[in-house]
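The two complexes that follow have subunit A in common; it is paired with subunit B in the first and with subunit C in the second.
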Partner chain A sequence: MKLFGPKAIKANEERVREAHFQYTQNRISRREFLRFASTVGASAMAISLLPPRERLLARPARLAQDMAPVRGGTIYNSLGIDTRRFDDPARLDMVFVSNYVRQICDYLVVLDPDLNLQPSLATSWMPSEDGKTWTVTLREGVKFNHGKDFNADDVVFTFERLLNPDNSSGWAGAANYVTGVEKVDDYTVNFFTNRVVGDFIYTLFLYHAAILPSDWPGDFFTNPWGTGPFTIEEHVPDEYIRFKRREDYWQMGADGKSLPYLDTVEFVSYPDEAARFSAMQEGSLHMGPASITLRDQYLTLPNHDFQTVQTGNLHIGIMKFNEEPWTNPNVVEALKLSVDRKAYADTLYLGFAIEADDHPIAPGMYPLAPANQTPRQQDYEKARALLAEAGYPDGLDLTVDYIDPGSDGGFADGFAQFLVGQLEPAGFRLTLAPNPDFWTTWLDDWGPNHFGVSNWAQKNTASEMLNLAYYSKGVWNESHWSNPEFDRLLEAFDSELDQEKRRGQLEQLTNLISDQASVLIPGFRQDAAAIAKNVHYRLHPQAYVWMGDTWVTP
Partner chain B sequence: MEKPLHQPANFPLTVIRPRRVRIRWRRVFRSPTALIGAAILLFWVVMALVGPAIVPYGINDSEAGAVWKPPSDKHILGTDGLGRDLFSRLVIGAGQMVTLPPLAVGLAVLLGTSVGLLAGYRGGWFDEIVMRLMDVLMAFPVVMLYLIIIVAIGASAVNVVVAVAVATTPAISRLVRGLVLDLRNREFVAAARMRGESTAYILFQEILPNAAGPILVDGLVRIGYATFSIGALGFLGLGLPPPNPDWGRMASEARQAIILTPTAALFPSLAIASIVVGCNLLADGLRELARSEE
Partner chain C sequence: MLRFILRRLGTMLLTMLVLSILIFVISEVVPTDPALKILGRESTPQARAALSEKMGFNRPLPERYWNWITHFVRGDFGESYRLGAPIQPLVARRLTNSLFLAASALLIIIPVSLLLGVVAGLNEGRWPDRVISIGSLLSISLPDFVMGVLLITIFSWWLKVLPADSSLRGDNIDLALHGRKLILPAATAALVLIGYIARVTRVSMIEVMASPYIRTAVLKGLPRRTVIVRHALRNALIAPIAIITTQINWLIGGLIVIEQLFNYPGLGSLFARAALENDLPMIEASAMTAIVLIVLSQLIADLLYSALNPRVRLS
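For the complex of A and B:
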């Protein structure tokens, strides 16, 4: 049976009906059902199968949530990091920085805060019969902020840049199966892949894939060109970025007029949480990220709400698979057994986190993700025995590499300090070595007896996360873990359309990572932000910030 | 009046030496100021010595979920942002706070005294060059100088001592040079020169003992400054790397929870302040005693 292509539309309709039946039987969730339908270009049909009340929920949350928005006003927002200078969206390596781009540029598709795929600059997509060519139809009548009309040339320009090895874009790693992009006509493009990947369309929302115009001369700082809802009025690096609304943005608000609702948005540098809190206290900051451990303190703010959202974001302990002592699986297992996952969730997030068993696919946050299994229980005795068996009866001295607290707001530092106390009784003696240049050496070999700590944001799909960081050729495979069985299984998972089969494959993949990969993943955290009560905004589970549909009551 | 140590037979003059300023330590008990200062410092020294035996928790032990808790029966000074016992971390942290500042100032006194002695005694171009170099160092704002040194050589206990010593040396050398300029023209130095004593002998046997009192009192005050500086370095994230219980870092981390648990920032700050005050009180007391004995 054909899986893809116009001739296979009927077969896909059958599959969507079958998926809908599974949904009505509670075998898959509503989100999984809608996401499956969107991968085969059948979202409209899927929504039509839902009962009327659920159809409303399936619409973009940004439209359903706020029925009577008010226009005008200014919002001061802090992203929790410096408003740093950057010159190329293709080279972004941090979701927080990508949030500047998001206000100026659009993507071909977007994931809304419910993690449902929505069309954006692409209006529809369809795979070919062999599943290796994706035809994407583009929106007409869209203008860039420098006056140029948006068309297929811009999409080809953008993705050729992303695929060009000279640009070292993380996108090329996540979508390592994409071989090229071609213009069909002014509003149609083809993407070519070397293997069948059902989740391909989601990679168009990876944060590097902001659509730039084909006449873009380079340097985003001086040429911030895009089709997005805002333009930059002023960017003073490490102080603030002020955005002002575009009058001719293509997307309509709930009131039938062009978005955005706000006149001005200012992202202010407040990397220091104490300063951020003071600014909120005195009323000069509407919103900003907040530490969950300071929840009770934020609840004292009279004009702000404390909003949380479950995410698939995670802390990771990196053990280089090709270096001592991690070449010995007993040492890796000993380290994993030394961490109390409940203590991790309770101490770093006051319980606002899901305990994890050393794999990156958070339950409920990715379609088909395996339900939460009971994670490894802390067992110091067994850990010490494994270390002794590996030739370290007196324990091990490790240097812990991670980004210094000044650069990431202390995300990695808190986890590293927590691990010192957790690992000590098992015999792992950690010396912390925070380093401002961590991201320049992160993927290299570190030499023997090094352990690393970093921080990952949730990705759009399980496939994207696994291809980036666990596939042996993944460009962000930080642990250097390599497992031929895993690679084969991941390729099979990518090309499979049957949801039940995919569910089983994903469980096998996560089990392989949990059992064998040289990574420690103790939990999936909730993100939190303090948001002024008069600001209508909903946190996105992937830490994406889009102010296009935010509004403020006077 | 004292006699010279040795007088050549053909040298009839009796040389008048200035009375050496000696501190009689037993008389410290007569100065309430010095006594209070000494008691505060002694308290922290004792804490540093017996601390590891009396603390209820390890410095890295965290109680799951007990984050930013105020003082309670279980944690008498409360907990920090990782559920670690503040009392235990404060007491263990005392070890570095009673060793690093004296080490840093000791090193600075060694360097500053050597430079000041030579520059003051030899004078001329040597004095000009060395003291202008010291002026250059003093021209830097102290915190900026710490930042430059620590960023260049990295944060560790040894490097913190080196940074504080380098920043403290110029002021000590200037003080010693001033003392030497006064002492080198005295008769007992002239006599030693006429006796044919070596420069080293004159510097270390004749001049230095007579300058020791002011250097000692100044050094004590500087130990207080050094404690404050090491606290400031920790506060700026340039002190001892985590998870060392660095008082400055503890105060800095607790700053974000200042509304929730003000005591978490207060106790490490008070601890730093107490050592600074202790050093200053002791130095003031000693100065008073020295004056009363002159």
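For the complex of A and C:
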């Protein structure tokens, strides 16, 4: 296999020039132009096309550049999840747990807190002329923490494990178009896809895809081998994990020496928020997640800041598409019309949320996401009329299926409680049915009335979100919504490389969901954390925690 | 005596056997897919089926029970679904922590509640009795989380003399390192019980002081001090000691709210989470541990009781 044929390079340059033209015509923003260029591995070329003043702005903003970072120290961080064990990063199913892996292993690429794609173990990447082969160049001179040199064998090993059905990795489902991976030379690999996917490179940052060495024998907590900034010093399940800095990490800090700045990081379990708060109050906990509704209390902490970040995380009301009463679109619309989106943002998040119009693509949180449209206005009269028209003049009794508050800290429960009051005046009488075995029944069984609520974290790309949960064959299509027009459009969106066309397609896709899908999405919330004032850390919108460039002033 | 203890332990083993069967049967009724819990939500149905086959989750109930019980008696409690870690070392660690916490609480409870009860009983109707009675009423009526927050507010936030964060760093609990961290959780548990035990002691003391043999001792001309210490106390303490021993079990395995509030890694919170998340192997381990604790604390109660009251023969 030849590396980059001159034709492939030319095709790629054409794509970037076309995107640049669209940028000069104000059809896409500078950020979108740069994001696109980075997905096809042409950031350097893209920056060179910008006028000199804008080149400066295009450099990734790093907090650490504002002040000289200090080395040393220990940080106690609570992740809002108990410190548990797992055998295999390939089988992770929760972003919170993946945050342990992130300290020990690297990914090929990373999304920074501004959601820009940055090189990590991969230094550059480029699609072939036909767009179905991606050639990824790897970083040289990187060592694993058990002494092995990093090279293409490790990447092939990692992704072959992810693709192997025996390992049951969620990665294979999310990147179901990837057919294989092949070593070209020691520092080059090819990924093959069965169709053109413009966003392919983002899938290398899905949390399962932590790079493991080719001699990894399995059992991650016994053999925590990776190229990342820390190693595990001690782990007590349900209490804490202590990480120690590595001396020979490849990434350099602002002072020109190896990261990380910290000597030790300890992730401590604090399942109870009151306990977390009093630990912060007395200074034994530097940082941890905070409920936005308790903001006033957190503001009284003398040594902590209350930091928030907008996310694309959402609550969703699920009406199972192919079941009564949701087969009638009027009933679906009536339910959507009964919810006041501003009340959602205000009651559940003190206004720290943006209103949504029943589709999952949060503005600003995904490349090319449509700007926030005016969402549906609450209209009880119309909702009641639609219900009557559908044959329910006396309203409807609905059982709400959702995960019990003990298992998710009451997250789904809060939303379900909110819906009770919102839906009642329209004639929907809700009975709450918290379900401890939600995750066993979730995809198919939504209780006697086929209605429930669940909770989604933001994904890396719009395509990932839409393919998982809205595509008729999506592996996590919980509402079972199926729309042939949507499916066709989504396939076209995935294989299109022209940014202007993709923007139009994404807007059509979100409009279809908003108008027709049997889901209720009232808003996108912000995440919050209390972080000690002397800790230099920025929250990531996707709840990723990486302590590699965090530092603490004594 | 030995026969008594052996008989008690025999009952314990029998109870454990019956309960372990019960839990296994209940686990049949609650629909939980262990393969899903182990492999995660993103796993394919094929992979789950393969794991169920390998681990024997879909074998008949008696076979699974036999498999589990034979491992259990050898000290292999299995792996927690929730934490993905072996249960036995976790329970051992938490049990040690809980024993330290329970012992600290008892160190406060026993002297304070008995002293208060005796003082109140001896001063029936006078101001010390009134003050102590109102205090005990307060202590009984305040739930543990309110008591805990109250103590945290006073001692950690205002006076800043005691830590409110009792999470342990480093190996098992080490008194030199962690001693201060035990004080507030132990005091909270103690305050919840002190009122109740003091009231029982008070009534018991009043009854004993009104009994004929005490009147005889007084009329015999013995000094009041001797009457109380040598004759009254021993009988008056029988009831409160019996009650304290019934609470040992709660102090070791049931301080769920207190452990959560102070983030103290004890048994109660470990088992509570297991119940909430259907972590079956951990629920089984917790039930077995609970029985051992109950039987042992009852055994201690009986031994103490017979020591205080020679009329009770253990054989």
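Please note the rule applied: the second predicted complex is superposed on the first by the 504 of 554 C-alpha atoms of A that agree within 3 Å, B and C clash if a C-alpha of one lies under 4 Å from a C-alpha of the other, contacts with A are read in each partner's own complex, and residues count from 1 in each chain.
In the analysis below, a contact is a pair of C-beta atoms (placed from the backbone, for glycine too) under 8 Å apart; a residue touches a chain by one contact, two chains touch by 3 or more.
For clarity, every value in this text was computed on a predicted model and none was experimentally measured.
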* **Superposed partners subunit B and subunit C on subunit A - clash or fit** => fit
* To do: Could you read off the angle at the CA centre of subunit A, spanning the centres of subunit B and subunit C, to the nearest 10°?
  => 30
* To do: Scan A:Asp498 for contacts with subunit B and subunit C and give back first, second, both or neither.
  => neither
* **Which superposed partner A:Gly351 touches (first subunit B, second subunit C, both, neither)** => first
* Classify the contacts of A:Asp255 with the two partner chains as first (subunit B alone), second (subunit C alone), both, or neither. => neither
* More residues of subunit A are touched by which partner: subunit B or subunit C? -> C
* To do: Return first, second, both or neither, reflecting whether A:Ala274 touches subunit B, subunit C, both chains, or no partner chain.
  => both
* Check the residue A:Gly406 against both partner chains and state whether it touches subunit B (first), subunit C (second), both, or neither. => both
* Asked: Is A:Asp153 touching the first partner subunit B, the second partner subunit C, both, or neither of them?
  -> neither
* Just subunit B (first), just subunit C (second), both, or neither: which does A:Asp487 touch? -> neither
* Report, in whole Å, the shortest distance between any C-alpha atom of subunit B and any C-alpha atom of subunit C after the two complexes are superposed. => 5
* Interface residues of subunit A shared between complexes with subunit B and subunit C -> 272, 274, 404, 406
* **Touching residues on subunit B, where the partner in the complex is subunit A** => 58, 60-65, 67-68, 81-84, 237, 241-243, 255-260
* Write out the stretch or stretches of subunit A touching subunit C in their complex. => 82, 84-87, 91-94, 165-170, 173, 236-240, 266, 268-272, 274-276, 278-279, 281-282, 284-285, 404, 406-407, 436-437, 439-440, 442
* **Residues of subunit C defined as touching subunit A within the complex** => 30-33, 36, 39-44, 46-48, 50, 80, 82-85, 90, 93, 149, 152, 156-157, 160, 163-165, 167-169, 260-263, 265, 269-270, 273, 276-278
* To do: Enumerate the contact residues on subunit A facing subunit B in the complex.
  => 272-274, 277, 291, 293-294, 296-297, 300, 340, 342-343, 346-348, 350-351, 404-406, 413-414, 416-418, 420-421, 424, 431-434
